[in-house]
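These are the structures, in structure tokens.
Look at the two complexes coming up: subunit A is in both, with subunit B in one and subunit C in the other.
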Partner chain A sequence: MVGFAEEGELNRLESQVDNGGGGAWEYLSLVRKLKVRRSEKVLKHGLSILNDPKSRSKLGPDEWTLYEQVAIAAMDCHKLDIAKDCVQTLSKRFPGSTRIGKLEGMWLEAKGSWAEAEKAYSRLLEDNPLDPIIHKRRVAVAKAQGNVSGAIELLNKYLEVFMADHDAWRELAEIYVSLQMYKQSAFCYEELILGQPSVPLYHIAYAEVLYTLGGLENLNTAKKYYASTIELSGGKNTRALFGICLCSTAISQLTKGRNREERESTDLQSLAATALLKEYKQKAPAKLPSLSSVLKSIKLPF
Partner chain B sequence: MAEDLVLDSAIRDWVLIPLSLVMVLIGILRHFVTKLMRSSQPPDIKILKENQVVMRARNLRTCANLIPAKSFRSRRVYFSNEENGLLYVPKGQAQNPQAQMLTDPNMATDMMKKNLSMIIPQTLTFAWVNFFFSGFVAAKIPFPLTQRFRSMLQNGIDLSTVDVSYVSSRSWYFLNLFGLRGLFSLILGEENALDDTQRMMQMGGFGFDPTKSNVTDIMACPIPSEEKLIT
Partner chain C sequence: MASGCRYELKQNAYMKVVLHALKYNTTSVNGILVGREPSSSSSSMVEIVDAIPLSHSLIGLLPPLEIALMLVEEYFAGEGLSIIGYYHANERYNEFELPNIAKRIGEHISRYFPQAAVLLLDNKKLEAISEGKSREPVVQLYTKDSAKGWQKAGTDSNGLLVLKEPSANLVLWDHITSGKHHEIVDFDDHLDNISKDWLNPNLFI
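After this line comes the complex of A and B, so read on.
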């Protein structure tokens, strides 16, 4: 994740490079280090370095890293011919390398020749069957083809071995949500919360899956996770505030006859509602009437 | 007894400085040789999987009260049930890592390679120092020391009358051998192959079986009550 200070530095460098102030290589290195996706800029500035033999030779061995970075950026921008040039230069320099093999596979992917890409990846997997990136690329190929069940199968197989890989769990969770397989998705989100307990995004995603599943127990749990999201994000998550209101309404509808726990839930609910109202008053006063009508429609006191 | 020995400046020029220089150069050479000989063995699927399982189990243990009790219980069963739990090791079947090491020839050759790259240059330099520079005083340290240090600083000269602050050439070799680590980490970076302390640490960790401790931990972990869940 990109920290606040790092992002400031990145933006400063970017504007400096954009205005012709130099420092392109530093900018590209920072992009690489922070793993941010600014492909257009990377392509523009990377190419300007690569096309200038003098500044290119100044890089020394880092030249090849830059080729790789530009190749990926070019694929992202669908500049396939540039990507091809870069990949070819690299494969001429490093024949038989796995890393370049991956790039070739990605180029085939970008071109849309799925079968060939798949073939390239399986050939790479024969040599080193435990390369996580190749496995992930195969999942991406399956997903890009619309073969969602295939992607799930591949991801499950991958997670059997690499079961501490958060990104894979997250991908799987999102795929399950897209297929409305909420129970499976909830499991994945639990796994994510276990792995990185302080990321509010996982808490809110889990809460939403639980809310969608419905049922009294799930709704109660969902409310707790909305609450923990608010706590983790320092009270800033509007979505979670709405979530609490909706959960409370749904719970009170389910427990209409029974008069238990009602007290506590209305407390939280009205708190969330006041927080929402306050936030809207501060940031979007024009939308305030519509918010109050929404809150009224779900029978909230405010 | 107390009279000062005058050390020939030729000793400084031809013994002290060359000896230190040679030690540094040999250290650097050894670093690169180990780097060359280090085989990048492909990760074993079993070990890799085991590590991942342990990592996930540890996450479960530390964050147990962050997920609903039901989910926690199902995971605990998944990890530690007695039929096919991932972390369950039947009693007596647990392989001793030391025995495992003996059966795995790859590990043994790896160790041997490492040791060879340590031992060969060391014996050679020791023989070289012994042959050319044995038996005379090479340096003087600027502060007095007690008699205890005699065996450390005056290895190779058997004179009890010489002041302890004089260093014999062979002792200078030993001092260099053990004392240059800081210099190497400056020259070669923190992650150099010569760091003996790290290897010692690894050796110390041998008797420890992470799977076992995790099973017991998970079994002992209390089922989180609903109140513990962040509300």
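After this line comes the complex of A and C, so read on.
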């Protein structure tokens, strides 16, 4: 998860390097730090450093980190020969290393040799039974083969031990959503919110899952989490503003004919609608007429 | 019920589908198809005029889909066009089945337009256009049969899905090699930054 400012800095550096302005190592380090997936660029700029003996020696011990980073980027771009070269260079420097063993497993995955990759990981697990990365690679192998139920089973077992691994909870939540298993997905987001209560991403994802599940109770809860998203993100979350409008409309449709205790919530919907209109007027004026019409058509009848 | 209808896919709509999938090549992507219903009772040709890229993450969730459907419908009503279909591209390279979520969204659209088209990207066919010989669309058409559900349309020569411009694959390949897919904007991108336009008005200029 990368913040707006961080992404801006990354893109700025990327442009700079792309246009020959230098700073490749800073860019590559930032990519590593933010854990983003920009494999084409990493491959291109990483290789340009590795293939130039002077730049390479300037890195000192960081050279090996770069080999690893480029190996993974190469696998992601399906340049298996380049990846193999990097892994072999690393393996000569660090013989018998588990970390490089994992890279070798990933290479087998990239090649599509699932059975061999699985064997490699099982072997590594014998000596390193509590290595989270190896466990997660096995989930990746299952997922890549389309064995979603296998991936779910492995992830659940993994999370019984490594229950603080947010990335794993998120992955599981997303797999459940792709299978339309919304209740299970909601559970994952609940774990994430418990563990990291001030991350707006989890609040809004939870709200969206609840809205999808539907029903009055879920809609009311969804509305609360859309509201908390807005609070946590300083009012800057367009999805959450839309979410409030959608929830209010859906709730009013379900509570039609009941008495008017919902008055205060119409204020929230009006606030959200107003905020949306203001935002669109400022940043996307061409879309303002369509937005206006849509918001009018879903407004609560008085 | 839907059989007998032909679907003509305009180049820009076709290319947007593929470019969207290429931009987010590590996840599933989906989008809405916009066009014209058959113009008279004697014609049975549905024109697919444009494609609106929707999502590249958490595709099964309702709120972004509902918002997008409302905004797209509202916008295109002014242009005399309506929502006539849905497209989907699977996450994995060799997954050729239409997933349930795609069927569900297709269902929803077919309630408003019974001859709704669902297009699924075919990665094998996409790979083949690099050789410059194929004129076949790299998407597979599905239509709804009231009894049997979503059916794959045959790929024989009088196919139900035709590309309006026969050289579409050549133009598409050209765009791919020049990295055009990096510029395409989907609804997810728009919601993250509303100054990005999901209409992609300047994409092919």
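In this section, the second predicted complex is superposed on the first by the 252 of 302 C-alpha atoms of A that agree within 3 Å, B and C clash if a C-alpha of one lies under 4 Å from a C-alpha of the other, contacts with A are read in each partner's own complex, and residues count from 1 in each chain.
In the analysis below, a contact is a pair of C-beta atoms (placed from the backbone, for glycine too) under 8 Å apart; a residue touches a chain by one contact, two chains touch by 3 or more.
Fair warning: this is a prediction, and the values are worked out from it, not measured in the lab.
A.B. asks: Should the pairing of subunit B and subunit C on subunit A count as a clash or a fit in the superposition?
C.D. replies: Overlaying the two structures gives subunit B and subunit C room side by side.
A.B. asks: Figure out whether A:I193 sits in contact with subunit B (first) or subunit C (second), or with both, or with neither.
C.D. replies: In the superposition, A:I193 touches subunit B alone.
A.B. asks: Taking the superposition on A as described, I'd like to know which of subunit B and subunit C A:S228 touches: first, second, both or neither.
C.D. replies: A:S228: touches subunit B, not subunit C.
A.B. asks: What is the contact status of A:K283 with respect to subunit B (first) and subunit C (second): first, second, both, or neither?
C.D. replies: After superposition on chain A, A:K283 lies in contact with subunit C alone.
A.B. asks: Is A:F242 in contact with subunit B, with subunit C, with both, or with neither (first, second, both, neither)?
C.D. replies: Second partner only.
A.B. asks: By the touch definition at the top of the document, which applies to A:S252: first (subunit B), second (subunit C), both, or neither?
C.D. replies: Neither partner.
A.B. asks: After superposition on the shared chain, which partner residues are touched by A:L130: those of subunit B (first), subunit C (second), both, or neither?
C.D. replies: After superposition on chain A, A:L130 lies in contact with subunit B alone.
A.B. asks: Output check: A:R37 vs subunit B and subunit C. Expected answer is one of first, second, both, neither. What do you get?
C.D. replies: second
A.B. asks: Applying the touch criterion given at the start, work out whether A:V177 contacts subunit B, subunit C, both or neither, answering first, second, both or neither.
C.D. replies: In the superposed model, A:V177 contacts subunit C only, not subunit B.
A.B. asks: Tell me which partner touches more residues of subunit A in the superposed arrangement, subunit B or subunit C.
C.D. replies: Partner touching more subunit A residues in the overlay: C.
A.B. asks: Working from the superposed arrangement, determine the closest approach of subunit B to subunit C, counting only CA atoms, in whole Å.
C.D. replies: Between subunit B and subunit C, the minimum C-alpha distance equals 20 Å.
A.B. asks: Show me the residue ranges of subunit C that touch subunit A in the complex, using the header's touch definition.
C.D. replies: Checking each residue of subunit C against subunit A gives 26, 28, 57-64, 66-67, 70-71, 74-75, 91-92, 95, 99-101, 104, 190-192, 194-195, 197.
A.B. asks: Touching residues of subunit B toward subunit A in the complex: what are they?
C.D. replies: Interface residues on the subunit B side: 42-43, 45, 48-49, 52-53, 55-56, 59-60, 63, 66-68, 71, 75, 229-231.
A.B. asks: Show which residues of subunit A lie in contact with subunit C when the two form their complex.
C.D. replies: It is residues 37, 144, 146, 174, 177-180, 182, 205, 207-209, 211-212, 238-239, 242-243, 246, 279-280, 283-284, 286-287, 290-291, 293-294, 297-298 of subunit A that touch subunit C.
A.B. asks: Would you pull the subunit A residues touching subunit B in the complex into a rising list?
C.D. replies: For subunit A paired with subunit B, touching residues are 128-130, 160-165, 187, 190-191, 193-195, 197, 221, 224, 227-228, 231.
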